[in-house]
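One chain, subunit A, links the two complexes that follow: it is found with subunit B in the first and with subunit C in the second.
Presenting the complex of A and B:
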C-alpha cells in the first residue's frame, strides 16, 4: 500500500522501485476484492437464495406497499408510551450502574500489571470479560428470566452482565496505563495503602471510568428496548404488543420514541464527556 | 499560612463533604425509589446465586453437545457465517459513502445531504438490530434476507459513526489545497480524504466484523435466519442442556473470530506502522 507515497522525481532506480511497489499494491487490492466477491457469491448462493421465503415476499410493488404500511406513524399511541419509556431508561441506568459495580473487581483482577490473585485470577477475569461480551443480551435475559422470573429485574441483571465485559476491559486497560509516579511519591511520604488508592489511583481512573459508563448507558438504552421482547418490560413490551396487533403505524411510533431517547441521551452524554475529559 | 486561612479551608472542606454526603443520600433515595417503581424485589437478589447455581447445575449441565453436531444445526451455523459476511461487506460499502456525506469537514452536500446521512446513521444505530430484524420480517417474511438486511443496518450504524469520527479528525490541509486547485468532490474524497483514513477504515472494518458476527449468532431468534432460531426453539421448549450447548458454541465461535481479527489488526499495524483502533 505504498501508492500513497509521493512519486520520486528524477532518480530512475527509485522510480522503478516505486512503480513496482505501486503495482504490487494494486495486485493486493485486486486479490482482496476478488476474494470478498467470491465469498459474497458463495454466501448468497449458499444461504440467501435457499433461505428466504421469496413467495411470501412477492414482487417489488408488494415490498414497497409492505414498507408503506409503517407510515405515517400513529400519534395516538404517544401518551401511552411515556411510562414504558421511563421504565426503559431506568432499567438502562440501574443495569449500567450494577454492571459498573461488578466491573470493578473484574478489572482489578484482570489488569496485567496488578494480578492480585496471580495467574488464575487473571485468567478468570479475562474469561469473564470474554464471556460477558460474547453472550448476547437476549441470551443473558433468557437465563435471568428463568432464574428470577419475568420483569425489570431480569432485564437489569442481563444488562449488567452484558456491560461487565466492555466496562471492565477498558477499566483494566486504564489501570495498566496508570502513571505510577504519584503512587510512589505518596509511598515515599509514608501514606497508607488506602490513601494511596484514594488520592493517587482513583483520580486517574475516574474520567475514563465515567466516560465509559456514559457510553455504555447509551448502548444499554438500545439494548433495554429489545429486552422487553423476552419479558423484561419497557418499550420492548409495547413494541411487542403493537407487533401482535399488527399495528404497523404504532410500531413506527415506538421506533421513533426509541430514536428520540437515544438522541437526547447522546446529546447529554457528549456534553458530560466533554466536561469530564 | 495564617490561622484564619486554615480555618477557612477547613470550613470549606467541611461544607463540601456535607454537600457530598447530601448528594450521596439523594442518589441512594433515588435508587431505592427506582427499584420500588420497577418492582425489583431485592430479597430475590439474595437467593439469586443459589437459584442460578442449581439452575445451571441441574438443568443447563451437562450441555447436549450431540445436538449441535447435527447436520441441520451445522447448516444453520454456516448460514450465520454467510449472513455476517454479506451484512458486513454490504454495510461497510454503504457506510463509507454515508460517512463521507455525514462528515462536516468533507461532505460534498453540506446542507440536506449531511443531515440526512447523519439521521440515517444515528437511526440505524439507535434501533437494535433485533428490532430491525422483526420490522423486516413483518414485510419480507421469515428467512435469511431480513436477517441480512437487519445486520446490514446494524453494521452501517456501528461502522458509520466510527468512520465519521475518523474523517472528521483528518488533516484538512490537503483537502483544502485540492479544493483550491479546483478538484471535484469525488477527486477530493479519493485523493484527499481516503489516503488519510484508509488504515483506520480497514481496522474499523475488521472490528465491525466481530460485532456483526456476534449479532448474527442471535439475530435469527425471531426468525431471521441462522442459528438464533435454534436458540429460541430450545429455550421455548425448556431444553436447557441444548441451550447451554448452543451458548457455549456461540462463545467459542465469537472467541475464534476475535482471535482472527485481532491477528489481522496486529498485522495491519505492523505493515502500516499506524495504530489501528482496538477496543
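Presenting the complex of A and C:
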C-alpha cells in the first residue's frame, strides 16, 4: 500500500482513476515514440541507404577534406557582394510592403466577423491564404521568373505572394478580435464610417499589423537571400555562380554575408517590435 | 500650450445651450410607445415606453438587470433599432432619420458608457477631441487636425474634471475613475443637448462612483444639458436625481420624484424580474 493510499481522507477510487490516466499517458508516449522509431528505420532503409552514393563518399578523411574546401572564406569577393546584398535587402523590403498591401483586402474578406462579400468572398480569401502559405518561395520565384523574366522583380513578386498567406491570416484574426466598444462610442456620437475605421479600428490593428510586418520582413530577408538560386536576383545568384565555378571559399563568403544580413535584420526587427508593438 | 491656470479660467459652456427661455417650455426629448425586440428574441425588451424630458432636466432610470434600461438609451440614439414607437429630439423625429441626417442628430446626443469605450491607444486629449470628429471636415477628421481653439477648449474641460495634468497620457495608463472622466469629457465636448449616461459607475468603487456622478450632474447643469442616466445603485439615484423613471420588464412602472417611491415600490421594481429576460 502506497503512502497516498494510507493517508486518511484519501479517495481510493479517485486515486485509481489517477493511476489509470497516468498509465494511459505513458502508453501514449511509448506508442508515439515507437511509431517515430519505426518510421525512421523505414526511411533509412528505404531512402537513405539506397539513395546515397556511398562509393563517391570515400573515407572520413575525404569528407573532412571536402568540408575543408569551404574554408577559409574568400575576402577578395567582399567588394563584389555589396550590390547583390543591397539588392537582397531591397527585394525583402519591397516584397514585404507589396505583400502587406495585397494582404489588406484578403484579410478583410477573410475576417469571419466582417465577411463583406459573404461566404464566397470569405472562402476565396481563406483559399488564397492557404495557397500562399503552401507554395514554397522558390516555387513562387520559379513561376515569376518564367512570367516576368530573371531578376529582382521576379523576386519581389515571389516574396509578396509568399507573404500574403501569413500576413493576411494574422491580420484577419486581429480584425476578428477587435473591441467593438470604441466603434459603438464613435457611432453614438455621429462619426462617419471612415472616422470609425480610422480612429476606432485602425489603432487596434496597428500594433499587430506592424508586428506581423516586421516579423515577415525579417523572414523575407532570409528568403530573398536564396531566391537568386532560381534567377530572382540578390545574393542567391552570386551564391549560385560561386558554386558553379567550384569556388567553395567564395560560397562561404556569400553564406557569411547572408548570415550577417539576417543577424542585422533580426536586431533591427527586435528593436522595432519593442518600440511599436 | 496652455498653463494650468489659463486652462482653469476657460469654462466649458457650449454656446449652443444659451437657449431662449421660451424654448425651455418645450420638451427636449419625447419618447412615445417605444418598443424594441432583438432579432430572434421571443418578446419585446421594451414594451411601449413613453416619457418626456425637459431641457436641463437630470433624470435617473432605475431597474433591475434585464429591465431594459440600456436598451432604452440605445434606442433613443438608434444604436439599437426600435421595432415601433417614436423618439423626438426637439422637432426632429429620430426614428425617421437615416445616413447623414441620423449622424447629425446623434451629434446632439452625447453618450457616456459603463465601460468607457475609449480608444485605449490614444492619449487623453485625443480621446476628448474625438467627441467632435464627426462635425469636422472629413480630411481634417482623418488626420486628426483640430483648430487651436478646439484643443484649448478640450484641455480646459479636462482641467475642469482634474485631468489637466494627464492630457498627454495614454488612456490605457489611467485608472477606471480617470477613464470615466475622459468619457464624460468626450461626451460633453460634443456640445450635446442631451446626455445619455449608461451605468457610469458600475465598474467603479463606491467613493469614486459618488465623485463621478457629482461631476456628471454638475457639468450637465453648467452646460445646460439634459441627462438621462441609467443607475443601478438606488442610493446614487436618490442622491443625484430629482426625477426617477423606473423600468420593470420593459415597462415604466414609475415616473416621478424619488420621494414617491417607498420601500415597497422599490421592492417591486427590483423583485423577481422575469429571468428569461436576463
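Structural remarks
Simple rule for what comes next: the second predicted complex is superposed on the first by the 253 of 277 C-alpha atoms of A that agree within 3 Å, B and C clash if a C-alpha of one lies under 4 Å from a C-alpha of the other, contacts with A are read in each partner's own complex, and residues count from 1 in each chain.
One rule holds in what follows: a residue touches a chain if its C-beta (ideal position, glycine included) is under 8 Å from a C-beta of that chain, and two chains touch if they have at least 3 such contacts.
Source: prediction; values computed, not measured.
Of the two partner chains, neither subunit B nor subunit C is touched by A:210. In the superposed model, A:36 lies in contact with subunit B only, and not with subunit C. Once the two complexes are overlaid on the shared chain, A:51 sits against subunit B while remaining clear of subunit C. Touching more residues of subunit A than its counterpart among subunit B and subunit C is B. Of the two partner chains placed by the overlay, neither subunit B nor subunit C lies in contact with A:78. Of the two partner chains placed by the overlay, only subunit C lies in contact with A:190; subunit B stays clear of it. In the superposed model, A:21 makes contact with neither subunit B nor subunit C. The part of subunit A that touches subunit C in the complex is made up of residues 179, 181-182, 184-192, 194-195, 198-200, 203-204, 206-207.
Across the complex, subunit A meets subunit B through its residues 1, 4, 36, 39-40, 42-44, 46-48, 51-53, 56-57, 63, 66-67, 69-70, 87, 90-91, 93-94, 97, 130-131, 133-136, 138-139, 142-143, 146-148, 151-153, 156-157, 166, 169-170, 222-223, 225-226, 229, 233, 239, 243, 248, 251, 255, 258-259, 262-263, 266. The touching residues of subunit B, counted against subunit A in their complex, run 31, 34-35, 37-41, 44, 48, 51-52, 55, 78-79, 81-83, 85-86, 89, 122-123, 125-128, 130-131, 134-135, 138-146, 148, 195, 198, 214-215, 217-218, 221-222, 225, 231, 235, 240, 243, 247, 250-251, 254-255, 258, 271-272, 279. The residues of subunit C lying in touch with subunit A in their complex are 77, 79, 102-107, 109-111, 113, 115, 117-122, 130-131, 133-135, 138, 141-142, 144, 186-187, 190, 196.
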